[in-house]
Each structure stands twice: as C-alpha cells, then as structure tokens.
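Two complexes come next, and they have one chain in common, chain A, joined by chain B in the first and chain C in the second.
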Partner chain A sequence: MNENLFTSFITPTMVGIPIVPLIIMFPSILFPSPSRLIDNRLVSIQQWLVRLTSKQMLSIHSHKGQTWALMLMSLILFIGSTNLLGLLPHSFTPTTQLSMNLGMAIPLWAGTVATGFRYKTKASLAHFLPQGTPSPLIPMLVIIETISLFIQPVALAVRLTANITAGHLLIHLIGGATLTLTSISTITAFITFTVLVLLTILEFAVALIQAYVFTLLVSLYLHDNT
Partner chain B sequence: MASVVPVKEKKLMDVKLGELPSWILMRDFTPKGIAGAFQRGYYRYYNKYVNVKRGGVAGISMVLAAYVLFNYCRCYKELKHERLRKYH
Partner chain C sequence: MEVTFRVIGRAGWGGLSRGFCAEMLQSLVKNVWIPVKVYCTRVYQEIWVGTGLMGFTVYKIRTADKRRKALKALSLAPAHGHR
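Presenting the complex of A and B:
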C-alpha cells in the first residue's frame, strides 16, 4: 500500500520516454484563441471568466503594475486548469512537483523585487524597516525582514505543492479505505463514502483557490514594488 | 491494378487495398508534415464539435474522457496489481 500511494507522483514515462512536457502542455488545448467578435460558447465562457478575474485582480495596481496583466492572467489560468485536470482519475498533476512550482515562483518573485529595486530603490529598501520601531530593535528587525523577504518564493512554491499533494493523498487513502470497508461493514463504508464526496468537493475548491492565492500574492509583491 | 488517377492525389477512402502501402509511403513524414497532420486533426475536431453555434458539454468532455483513458493506459502496469483477484 505504501508503494502504491506515491506512484501517482512519479515522473510519467511511456515506453521509456518521459512525457511530462506533453502533459504540461495539454491544458493549452482546452483554451482556444478567440477569432471573431462573438465566438462559440466555450470561448465566450472563457472570455467572460478572464475579464471578470482580470478586472478584480488588476484594479489595485498602478499603470506600471498593469503591464503585468498578461503574466498574471496566464499564471492563474495555467495553475487553475492544471490543478482541476489533476482531479480526473489516474491523471498526473505537474503542480505536485516542487521543482515546477519553484520554477514558477522564483522568477516571478525575483522579477517583482528587481522591478522595485530598479525604479524605486529608496522605497524598496525602506520596506525592510516598519514605521515606528524603537531604535535598539532596528538591527534585529532588519535581519528579520530580510529573512521574510527571501522566504517569499519558497513559501509560494511549497504552499502550492503541499496543498495539492496532500489533497491527492487524502483522496487516495479515503478511497482505498472505502473500498476495503465495503466487505467489512456497509454503514461505515457509507460514512466513509460521504467523507470522500465532501473531500472531492473540497479539492475542487482548493484547486481554484490555490491558483488564486498564488497569483494574488505575486500581484501583491508587485504592488509593493511598483 | 493500375488506376487512371495517380495514387498520390487520392483520399484514403478512394485508395484501393493493393495501393495502400505505396499510399502510406508517399505521405509526408517530415516534422513539418507531421505538425501539419496534427493541426489538421485538431481543427477537424474543433470545427465539428466545439466551434458550432449551439455547442454543448460533449465537445470538451470527449477530450477529457480520452485524456483519462490515455492516463489509464499509461498507469496500467501498476494498476494491474490492484485488481480483486486471488492470483495476480
């Protein structure tokens, strides 16, 4: 059972060839590009969702921050669609791999910090010291603020990885428990099945929320630095 | 059997069985040709099921069902051991 539990997280290979790039590129097929003023229903629904999300997410930024609109919207679409596709049976979710999440988090965070240092150097350095701190505490507080700055990309990546991985593991475990319990006691199996249904609903929500949180935090770091 | 129209320009349904190997061999197997084949297949599916006036959920759910089936085939080797059998 232990070996079976984690086999859904290994790199997928087929006849010895790693097919991870194919699986990462698969969600892009589900988002056709609009070509007309009024398109088919799939594209219209996606356009409506993208407009709704972008208005909500980019309203807090200045003109300079809004140049990141394309990046933030494609980020939330990618993470959301990848997480949701991972809920299908037997599928592989790329966002469970820490390597990929670090690859998304570190460049984006570094981009926001570099933008801040380049255009508003004094204000970016001033973030290291909150207002109104007593003078003896200043050295320690600067160290703490530096640590909290450098932990931001790691926290972004690990948060996404841990949430999605934990959700998938729970579904595997409770599903296995339900199957084993059907031959032992039907009522307990029914209760466990109800837990499984609720957990699946939660996982749908978590998939979307994690995408939102990731993108929101990146946009927050951007707002601090533009 | 020789035919009046050259084999090269026929569609698959018009090719006679004896001409099939030569028809397959004359297909374009360069990377550009293969990419063109994928693109033609994608647009054939898209224009038939998704890009219509009153499309439904069938267009995208067929794609997702094929994705599930593809992943099942990929994992079959490990899933084989989890069947409810006395002897594996």
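Presenting the complex of A and C:
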C-alpha cells in the first residue's frame, strides 16, 4: 500500500514534465478509425457498441439535438475508457481530477444553455418558472430555479470526481487491509479479499455507469434546450 | 505506410525533416480537420462560448490566487524584516 493514500491522485510527471496530456490522449489509440466497409473484430465491436448507444441516447432528440451525436458519443467513449483504464494497478485516472471534470462539464452545459437561448429564447426563459406556480411564490421560485441551473455543471463534475475517487480509495484501503490481515488471520484476510474482488467488479460497473450518467445528463440538458 | 517508407529513406534530423513535418501536417488536415471542420465551425459554436466562459473562470481564479499569495508574502515580509 502507498505510504500516503492519495499519492495515486497526484498528477504524474516525467523528468519534471507533466505527462497528463499524454495520458488523456492515450484512450484514443484503443479506438482505431474504421477504414473499410467491413473491419476487423475490434473495430466491428466498437462500431456496434457506438450504434447501440447512439440509437438509445439520441432517439429522444430533435433534428437540432441530433447534431450533437458526435460530441455525446465521443464523451461517453472517452469517460468510459478513461475510467476503465484507471482500474489498472498503479495507473493514473484523469477523471479523478475535479479540474478535468469541470473542464468537460462547464463548456458542454454552457453550450446547451447557449443553444437554448439562441434558438428558443422564450422557452429557455420559461424554464426559470414552472407552470402553475402560485403568484406569491414566483420570486422565490425564480431564484431557486436559477440556482439549480447554475449548479448543474458543478454537480456533473463533482459526481464523476467523487464516484471515481471514492472507488479508488476504497480499493486501496481494502487492498491494504487484506495485505495486513494475511499475517494476522488467514480467514479474515480471505473474507476481505472476497470483498475486494466484489468491490473491483462494482468499480468496473461504476466506471461505465458514471460515463453513461454524465453523457445522459448532458443529453437531457440539450433536450431541454432544443 | 507510404509516409513511413519515405521517412526511412530520408536523411534529416532524426527523420523529422521539414518535408516529413509538412506531409504529417497535410495528412492531419486531410484526415482529421476536413471531416470535423463543419462541427467545429458551425455546429458546436455554443460550446466554444462555454469554453471561453470556462477559460475566463480559470483566469479569474488563477489571478485571485496569485494576488492572495503576493499579499501573504507581503504581510510576512515586514515581520521578517523587523528581526
């Protein structure tokens, strides 16, 4: 176990140069561009997955919303692959950094809001007041709706950061506990190891689910504004 | 593949001659920029607005942090100077 629990979250450097951009660009190598009508197995499986996800996610959108297909599919592939690669031992996960997730959430959220104000100004302004609100409550509700609007990108970023960071921390802690317990009590170490295996399986699921949730929420914000 | 064979045959500074860099740039423009040009310039204009907003926020936070550190250094300096 690391002497400090949080050393795996420090941005890695090589000869004093931060290599985070290289780590961020690395998952793109795992998705080769299709070059033929019928490609090899890897590309075919990836194409099938992308088609499945895009059909499911973009079916609710209008024509304007469906122009965001490339962005949404890139987003889910990037976050999913980054989260999954982060489950490899001693690897660095860029999505544990709040700065990175805010850097994804704020432009996308602001893009959806700007799209709404540009093409459907009245409908976008109408979102600040739910239908059927009693007159005395209008000022308070407008304030509440404004706050809930501005909190959306922060919630997006913090949700992803917290889930991935918490999962990695738990794996570190339980892994360290398992190692320590092997010299004390074998049965307890075995139980802890079983918990570790189950937790790792859960973290695989969380990695994919968080990518889906992030993209789905951006897609929903876009749907509200198109 | 064609580009790779040309690199092996070409003498230059570690194979990265000006011609090879130009070919790499041309390939990048043809295979990457041309397909995404429509998206970057027309479809995702609002996302650029969001990127600008985020850049402005980052700039504000960084300058505030620098100002805080400078003020902290200034407030510590007279205390050290009196010794």
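Here is the rule we use: the second predicted complex is superposed on the first by the 223 of 226 C-alpha atoms of A that agree within 3 Å, B and C clash if a C-alpha of one lies under 4 Å from a C-alpha of the other, contacts with A are read in each partner's own complex, and residues count from 1 in each chain.
Here is the rule we go by: a contact is a pair of C-beta atoms (placed from the backbone, for glycine too) under 8 Å apart; a residue touches a chain by one contact, two chains touch by 3 or more.
All figures in this text were calculated on a predicted structure; none of them were measured in a lab.
After overlaying the two complexes on the shared chain, residue contacts for A:Val20 are found with neither chain B nor chain C. When the two structures are aligned on the shared chain, A:Leu141 is found in touch with neither chain B nor chain C. Using the contact criterion defined above for the overlaid structures, shared-chain residue A:Met71 touches chain C, although it does not reach chain B.
A count of residues in chain A touched by chain B and by chain C gives the higher number to B.
In the superposed model, A:Arg118 makes contact with chain C only, not with chain B. Applying the stated contact rule after C-alpha superposition, one finds that A:Met57 touches neither chain B nor chain C.
Touch criterion met: A:Ala110 reaches chain C, while chain B stays clear of it.
By the touch criterion stated above, A:Leu88 is placed in contact with chain B alone, chain C being left untouched. Against chain C, the residues of chain A that register as touching in their complex are 67-68, 70-71, 102-103, 106-112, 114-115, 118. By the touch criterion given at the top, residues 42, 46, 50-55, 59-60, 63-64, 67-68, 71-72, 74-75, 78-79, 81-82 of chain B touch chain A in their complex.
Interface residues of chain A facing chain B in the complex, by the touch rule stated above, are 4, 7-8, 12, 14, 19, 26, 29-30, 32, 39-42, 85, 88-92. Per the touch definition, chain C reaches chain A in the complex via residues 36, 39, 43-44, 46-47, 49-51, 53-54, 57.
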